[in-house]
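In what follows, structures are represented as structure tokens.
Next come two complexes, and both contain chain A; in the first it sits with chain B, in the second with chain C.
Up next, the complex of A and B:
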């Protein structure tokens, strides 16, 4: 085992580590450095200006403040709704069926539901954006929801859901939930399948209903999966941009009501030529992501139950 | 390792069980209707936008705008012709395939090499290296976009496929290494030792013994990377500016933004359907592996 070990290790690590350092680690480090300058990005001229960019971030009421608010809302709502629905559906598929002779079963057609629910996960965000932009379109442009509302005699927003200041963010979050639920259904479902059926049967003999089975048995045993899901969804929430780019007017409108942090970084870096400012916002995003992951892993560090 | 579905873990109910008075029977029935209702409602909500756009892709522009809930009077096949010819959907397909043949192969090769060494050899800095790779999963890509743009520009790889391929590989490594390291650790040591005693070198051990043994893990993570890179949008948006070179998701986005509501929505939907068809077919055939591959992060 000793013979020629280090040359072998080096030869296997050189390419992946080199590429990773060159295209991932160094650019991230550079972004940190850039955030302390006044670099526009187009010239080679810049000075170090300390924390000025960071201070100015919180004075930008046109882009940054709305973006932080909206990303904050997505960060709260998306994981909560998606995990709740994913758990609910997974529980239904695994435990929600008829109980025959005291045995617990999933509903019939569970496999079919899994296939259907999961499908949006394999569609690209570009395709999802095109689909839903048309679903949300105004009445005169053939929007599905608007058409449906009109068919039953209800009013629809004149300019469609995405041009409505009060509806745009909720509409986008709806699409995010739509595309994510199937993934977490399958994710939780595989975790639930490993919980021994005896637990439930014992619970039923003791007279527990479905709600008690869920809250007393399933949820505590699934806690680690929920934590993992929370981290994944938080990262997705912080990185929301492509749907905004595809669907909303002015890629963040109307009137900044769907600006998100990722989108604002992109706008400042590639549209407004304010590279240093964009980097400062990116650094903030980085630390928020890091903090969330640490917090999610700390909170409710339950005792691991072996079964 | 593989996701086990409840159907597989649950043997057929033993027939000889004594009937016991079930206090949950009524409740069970109510719950059953209730749960079925919600499941079907959600299934309906998933299917409707997709099927509806499929129908819309056969409509005239006027039908799309004025009769969103109706069926086309005559199917407009020329929407598909227009999408193929004017929308260049075919070219975008080929572009994407060209990029991914190299990027997925490269990701798997480099990812497996790094993960294997990290998982099965002890050397100074082993743990640090693992965390440096795994930590990459947390970095928001937005932060690196502009430095990355400059890096590629400086070496003349901006707006080129080799540049995009290298970036895809680099940004797919964190999860690939994270996942495969865990996988290689689970492989039995006995086989490796036997192979070494038989005189196999480290290289032969890797390519002829360990890689074949790691096949289930490699398949899962390959599917994960194929789907991830096929759907990638942000990186090509920034690193690939020539519309002619666009990959599929970028090409569709350009089509959508160029056409807006005024252009040719029929062709846009036809293009969208064409982009969905191969994904749909692959999904139906490989759905078990895809679900396992994409939820692979659940298994640690």
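Up next, the complex of A and C:
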């Protein structure tokens, strides 16, 4: 055993681990503790009330129930759409082009497209929120989409997309996809780049079309990347707080149609002065996220192919 | 084979690192649930007219100001006044919009500031602070001799209706410093140019609407994204028709309060504005900046906002724009047509655990002096709750006329008393005015949540006396 190895390693780990424990783990643990109290958040007095907060969570039809429903929808739609689009674009940019002298290439201008698609990733989420709030505005008020639809004679929501109860959630998901797809395009691109070209060439010689190339070669070999993307996107889907806060009427409206769990936690903690109730919801969210990650990693276990 | 690294040096550094982390931890250790229990004594009014609360001149004073529409320049000047009396007092002045984010943790630690201007979108919910017993009652301040005349108490220097909003079950927990009214605004220039007369009754208003439309202008615009701007308009419409008791019944969560005929007629009337197309297209999707800009651009004739609007728009509105307020045009058969939602806004609170409570009371007493009120009026050209300070602009003078009868001042409270009612009335009004729910659905929805709130034993209930 090399003398003094551990003190050396510890000296590097102590500070980051200590900070992590203090600033992340301890607050997590405290959220558990707080969720069993009636603490409002602005006093140093509280009583323990057992599981009452948890029981009341699922009776709250104004906030919690719609939030769970909406977060559920985002959780289903966001990863699916983003990954599908990311894979499609990555495939087109890397393999989808016409083959020149037997070489597999992407569509023309692939590099340029990559940069354009990646662009939203550079903007902070708050800026994206402000930007899209304007894009979604009513037609008479500079709303790009509604105004455009109206200009070409298609039906557009009179009050803009975000004030429309049926469109608001879809609009928010649209922004999420727009902002995320560029990153996953680059992510999948780099994963595709590691797939040997021979596989495709062999496939083409065997008479495979682009669909077959994609579903028989690309997708199976990218499975691990897809899985990782799924987990990341699910975590984004469980949050979404910033966009809701920046864009939607009354931060979750109109009439609760875009409430999400993250936003409701914030509302209870800071607007209604019910920290304990908010903590209970946070704890539930914590377990959902944990379960999701475990399930996603377990279900998709594939055999690794070495190449 | 690599050589083992000689490491006495590193382990010392490691030790330092570890202890640094430990130190950081202890200084951060004011965790959410570990605050101390500092109980301060109640302030009493002593015999000294100059210093009724027994202020310790050397004690520091901790002031937090909401840096919103009114800015914080006026507060700096108030603090200069305080320092003139107590030159040794060190005043810490924080101007922020994040009241809850910055102040809630201090309440949780048991070390709150001395005076907090608890206002804006990020205010700490006052009903919770009161439920938790975190606020000092302000009666000693109100009973103290006023700064300008020791023979008059502070309470008697205030305008009628000033204290209502800060009063909870008869006890005053917030001093609302600015005096404002919710009114309907129109541009006097536009009306004069077209020869229109500002309507006093709802029917006159409806008769005028086709003329306004003929001029290519929408009669109404409102802030659809924050339907709270409709709250006072709707309630005053109902209250003017049926009298103030209709609104008190709603605040008191009486069964079937929303079923009163006057309330139904008001809902019907608001809904009809949408039905008849008298509202600017797209209004439900506008935030306050967009709706007020549309109003400044003379795209709409009327907008419901509070009396701070002209000041807020001073730099933005066209030069010839003449902001003029009217009360909500009243329905035919109204029994109290002068009723208006007016009173104190901008709540200043004193935490019960404030370190310098006497200083806090004294600071508020200075704010309520003639000089203090004049500072506010000059800096932000808005009225305070202090009587006898004149403002020289048209909007302020017209507003003063609207609020001249003390019996007609009433601020509906249920939105401030119960978060749940607040969260319901806003979307409900939004749906009503965008034609998404009928008046009957609106009334049912509000009655349901009122009943639920009344039955909820876990919260404190408030009533008007």
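To be clear about the criterion, the second predicted complex is superposed on the first by the 299 of 307 C-alpha atoms of A that agree within 3 Å, B and C clash if a C-alpha of one lies under 4 Å from a C-alpha of the other, contacts with A are read in each partner's own complex, and residues count from 1 in each chain.
Rule of thumb we're sticking to: contacts are C-beta pairs under 8 Å (C-beta built on N, C-alpha and C of every residue); 3 or more make two chains touch, one makes a residue touch a chain.
Small disclaimer: the values here were computed from a predicted structure and weren't measured.
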{"item": "Chain B versus chain C as contact partner of A:8, first or second or both or neither", "value": "both"}
{"item": "Which of chain B and chain C A:22 touches, first, second, both or neither", "value": "both"}
{"item": "Which of chain B and chain C A:137 touches, first, second, both or neither", "value": "both"}
{"item": "Chain B versus chain C as contact partner of A:110, first or second or both or neither", "value": "first"}
{"item": "Chain B versus chain C as contact partner of A:294, first or second or both or neither", "value": "neither"}
{"item": "Partner chain(s) touched by A:41 [first = chain B, second = chain C, both, neither]", "value": "both"}
{"item": "Chain B versus chain C as contact partner of A:194, first or second or both or neither", "value": "first"}
{"item": "Partner chain in contact with A:273 - chain B first, chain C second, else both or neither", "value": "second"}
{"item": "Which of chain B and chain C A:55 touches, first, second, both or neither", "value": "neither"}
{"item": "Chain A: partner with more touched residues, chain B or chain C", "value": "B"}
{"item": "Contact residues common to both interfaces of chain A (with chain B and with chain C)", "value": "4-5, 8, 12, 15, 19, 22-23, 26-27, 30, 34, 41, 137, 140-141, 270, 275"}
{"item": "Chain B partner contacts - residues on chain A that touch it in the complex", "value": "1, 4-6, 8-9, 12-13, 15-17, 19-20, 22-28, 30-31, 34, 41, 85, 88-89, 92-94, 96-103, 105-107, 109-127, 129-135, 137, 140-144, 146-148, 151, 178, 181-183, 186-187, 189-194, 197, 204, 207, 209-210, 225, 228, 232, 235, 238-239, 241-242, 245-246, 261-262, 265-266, 269-270, 275, 278-279, 282-283, 285-286, 289-290, 293"}
{"item": "Chain C residues touching chain A - in the complex, by the definition given at the top", "value": "4-7, 10-11, 13-15, 17-18, 20-22, 24-25, 28, 31-33, 35-37, 100-101, 103-104, 107-110, 122, 124-125, 127-129, 131-134, 224-227, 281-287, 290, 294, 419-420, 423-424, 426-428, 430-431, 434, 436"}
{"item": "Chain A-facing residues of chain B, complex", "value": "3-7, 9-10, 13, 17-20, 22-25, 27-29, 31-32, 35-36, 38-39, 42-43, 45-50, 52-53, 56, 64-69, 110-111, 113-114, 116-117, 121, 123, 129, 132-133, 136-148, 150-151, 166-167, 169-171, 173-174, 177, 193, 196, 201-203, 206, 227, 230-231, 233-234, 237-238, 248-250, 252-253, 256, 261, 265, 268-269, 272, 275-276, 279-280, 282-284, 287, 290-291, 294-295, 297-298"}
{"item": "Chain A residues within the chain C interface of the complex", "value": "2-5, 7-8, 10-12, 14-15, 18-19, 22-23, 26-27, 30, 33-34, 37, 39-46, 62-63, 137-141, 157-160, 162-165, 249-250, 253-256, 270-275"}
